[in-house]
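First the structure, in the form of structure tokens, and then the observations on it.
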Amino acid sequence: MSAVVDRACLVVTGPDRPGLVSVVTAAIAALGGNIVALDQYTDDPDGGEFFQRVVFDLPGLAAAMPDLRRELGEVLEPVGLQWRLRDLGVPLRMGVLVSLSDHCVLDLLWRVRRGDLPVTVPMVISNHTAVAGDVRGLGVPFLHVPSAPGEREAAEERLLELLVGNVDFVVLARYMQVLSADFLERVGVPVINIHHSFLPAFVGAGPYRKAKERGVKLIGATSHYVTPDLDAGPIIEQDVVRVTHADSAADLQRRGADVERAVLSRAVLWHAEDRVVRHGNQTVVF
Amino acid sequence: MSAVVDRACLVVTGPDRPGLVSVVTAAIAALGGNIVALDQYTDDPDGGEFFQRVVFDLPGLAAAMPDLRRELGEVLEPVGLQWRLRDLGVPLRMGVLVSLSDHCVLDLLWRVRRGDLPVTVPMVISNHTAVAGDVRGLGVPFLHVPSAPGEREAAEERLLELLVGNVDFVVLARYMQVLSADFLERVGVPVINIHHSFLPAFVGAGPYRKAKERGVKLIGATSHYVTPDLDAGPIIEQDVVRVTHADSAADLQRRGADVERAVLSRAVLWHAEDRVVRHGNQTVVF
Amino acid sequence: MSAVVDRACLVVTGPDRPGLVSVVTAAIAALGGNIVALDQYTDDPDGGEFFQRVVFDLPGLAAAMPDLRRELGEVLEPVGLQWRLRDLGVPLRMGVLVSLSDHCVLDLLWRVRRGDLPVTVPMVISNHTAVAGDVRGLGVPFLHVPSAPGEREAAEERLLELLVGNVDFVVLARYMQVLSADFLERVGVPVINIHHSFLPAFVGAGPYRKAKERGVKLIGATSHYVTPDLDAGPIIEQDVVRVTHADSAADLQRRGADVERAVLSRAVLWHAEDRVVRHGNQTVVF
Amino acid sequence: MSAVVDRACLVVTGPDRPGLVSVVTAAIAALGGNIVALDQYTDDPDGGEFFQRVVFDLPGLAAAMPDLRRELGEVLEPVGLQWRLRDLGVPLRMGVLVSLSDHCVLDLLWRVRRGDLPVTVPMVISNHTAVAGDVRGLGVPFLHVPSAPGEREAAEERLLELLVGNVDFVVLARYMQVLSADFLERVGVPVINIHHSFLPAFVGAGPYRKAKERGVKLIGATSHYVTPDLDAGPIIEQDVVRVTHADSAADLQRRGADVERAVLSRAVLWHAEDRVVRHGNQTVVF
């Protein structure tokens, strides 16, 4: 993924009505932009919600952003549309929280290093120290924030001090602590989790054990935005892998790890490219 | 699948202990059988449960079956093993129950006709008449047993009259009636269902609508043995297909239908070939 | 798939340049159309080829088609764009050619009957008679055009008499005759084939036997537009299924049949919805 | 994957005849072994080739190995069987050759470290130095053997000096040099390659570019034993991933990398567990 220059991404949502696509594309054309990708979705042609993502090239984008924002606002807001605009040449800053398992965090950092995930990683934070050496070896700051029983509140305060202002989104790369509703509100940026089951099956702890007990023939992983309701937030991506009666719970865990890291890396990529739009408790992924 | 002659299938289960595989294979060798396939599984090498399926060729099998049974019993029962023996040249008789949807029943009957499912089909029974023409067109008897509210008990009585003694297993090929525990006991043969979700997610009615509401990115189907607990019996086979935000609940239903018929036909094939061994609420599929 | 009324599909291609998306969407807005789906693709933002598919609703579409065509031509042709416009309420007419295998043709006809494939089927033609009963049983005309060695030219003449003017595209649903370049030119409509391998592996006859000999671990099927070069035309869709050493060539054929019919039905659906744009020897599938 | 103690793996091949399974299992029982897994395959029940893999537990295995070998030889060789016996508690030694791409080698080493691949890694050798830091950071010796044009023979000599006697098999983890038939003979151990296409499609260099040109809708990777014929050796494992017209050749390379490392790690695991039996130019994978 080579560096992107002079490329913007505009996401627009609002009540559908005839002509909206044309309004948006005409506005971009009028500003001198060349559309290189466009996706559009309406959940109901009769009075539903309208979603559009447009990627366009514009010479001198970085300098032109303030003007762009003003002019887009003047066109889009009068017709009732909400919008967000990003310069895709400015990568999002991703904070990572992790506990003991290394497979998700190392896969993310390796993808960032090889240029496949357009993000920067200001910090990896863990309530353990198991992954410290690997993380620092990949050139990424590692911070230890213990989270002993009874100290959860203090731990969350410390996390907020570290994260707020420094990251654009947070990834829970197998972080085995439940974050409070208060934390989610105060952190102020999207939080993406990877859950080691095919949600909504096997919510909560021990999903591989539960999967073994239920005798399922496929196990899965789900990446979703975190909300105060445990494992119930909007799903970004899911995948599964086939298992048999002969796989032990440990086998499920080992094979599931491959699915977890694959699903999480896709969800993070799509979020980083601004392809995901939340819609109630669902997502539109362009 | 050409006709199979002189081929037997022996399934053995019991408490594991050293030498069991050898006991079984020596018994077959002593009887003159040539093993063509053997699968074996122990859920725990230290004192677990032992499962074995052996397929063997024996000239003159049909005539030899009574002797075989007696001799196998003499060898296997003293070491605490349960066993079942089948002549694979005698296909199982499959009864099918269906409501309005035709995709599962027609796919099963088409596979039987082309010789891909080693079963015979004495009858298809429905609480509607929608599929009567197609079923009879494929040369299979169709019987109508209405099941109006308040008449469920009478309907089950009628089903039992038709099925008991005439079929070796029953397939619910999208039969939208819940069968009573009393029926399941009295029918006396295994009953296989296809549920249109990736169990244990979305138990009960309306799984595609529930899947749409939850915003899942994969939908699935599950074939399982029916028990008195709704959609909670031992799973035989499952599969999934990818969907997106743009798929309506009707799209999910249409795309799910392809998964349903594929999953059900695999489950029926494996049951017909005696590859499935129930183990508590799980299955071993050899 | 309920009947579609007042819904049009416009496909536009041509040399890319800034503002094209806006030109097209503004034209549709000016004509009173409400865009319900839009896909766009440029193979190279710097001077590549531009592809766009727009689906829009317009009250009174059927009556307005002539005006629409004139006005779209006036807008799109001056900027160098080629275009095609369809009223999606008028289903394409699909002619089917088949030899002995029934799985592809029956699956297509069954999907048409249940309303999942928006086409009509004026005729099924075969060089054998094996599928005549099933086809007619589904209410579709069946015609027998034998194709003995030495009579290929006469057979193709007969096919042309039947097809030309009566169908909008032709599907080779396991038709085991190679069609001549002359036939392809004179039939004048797209011809879609299903090849029973994962192309470009195993071109030509006997792909399952070749797959078995090579010892592959996945087998596949490929649907493509037919060109005079055998099995080398633009690919529309492909898929695979896992196999093992224990599967015989007959097993591969049986399991491959499921992939063939699934792949072909998707390719036909996408063609029927005008989602496929040919681009040299490749396809853009929106 | 916890350490395995007192567990042996016996692989037997030879001309099939009645009673072979019983001969093998009786021999193991006579030696005091408890069979924990058994797979068996005959490519043709009438006079074909017989393959069997048995895993069994035997207290004091390490000390008993010489006796075991002698006694198994006395039983198996008179009936025409070839066999190999391994103490699964003694991991195979894996040598890795790599060029510039890091994804395969790092994934293998990471799996070894977490205990998911039962091998040791005496050395990683590269004709470049790009991965030296990462490999050594994972505690594995890295050796640089340049392979400039005109020096291939000298490079192969150097490789042989390093590998022979020190490794039990060699993995080409994206090693972009063709090894000579002479090297393959002299190295004396199996060599496993990962090829970045779904073989037999796209043999040789540049498979992703070729895949893009052909317009395929799935790309794949294939792991196979290396023979003197380029990319034509027995296939161990393959897999694919879906792509679209919108994926550039660079996208294919990036997405293919995930399939490559997954396929290679499965092939290496199966080889390390002695699950793979070569059979002409095919493999039996138990």
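The chains carry the letters A, B, C and D, assigned in the order they are written, with residues numbered from 1 in each.
FYI, a contact is a pair of C-beta atoms (placed from the backbone, for glycine too) under 8 Å apart; a residue touches a chain by one contact, two chains touch by 3 or more.
If you're wondering where the values come from, they're calculated on a predicted model, not measured in any experiment.
Distances between chain centres, each the mean of the C-alpha atoms, put B farthest from subunit A.
By number of C-beta pairs in contact, A-B leads over the other of A-C and A-B. Put simply, the C-alpha centre of subunit A and that of subunit C have 37 angstrom between them.
Averaging Cα coordinates per chain places subunit A and subunit B 42 Å apart. Those residues of subunit B in touch with two or more other chains are numbered 41.
If the chains shown are joined wherever they touch, the resulting network links each chain directly to all the rest. Across the complex, subunit B meets subunit D through its residues 17-23, 25-26, 28-29, 32-42, 45, 57.
The touching residues of subunit D, when paired with subunit C in their complex, are 41, 43, 198-202, 213-218, 220, 234-240, 244-246, 279, 281-285. By the touch criterion stated above, subunit B contacts subunit C in their complex at residues 1, 102-103, 106, 110, 114, 116, 137, 254, 258, 262.
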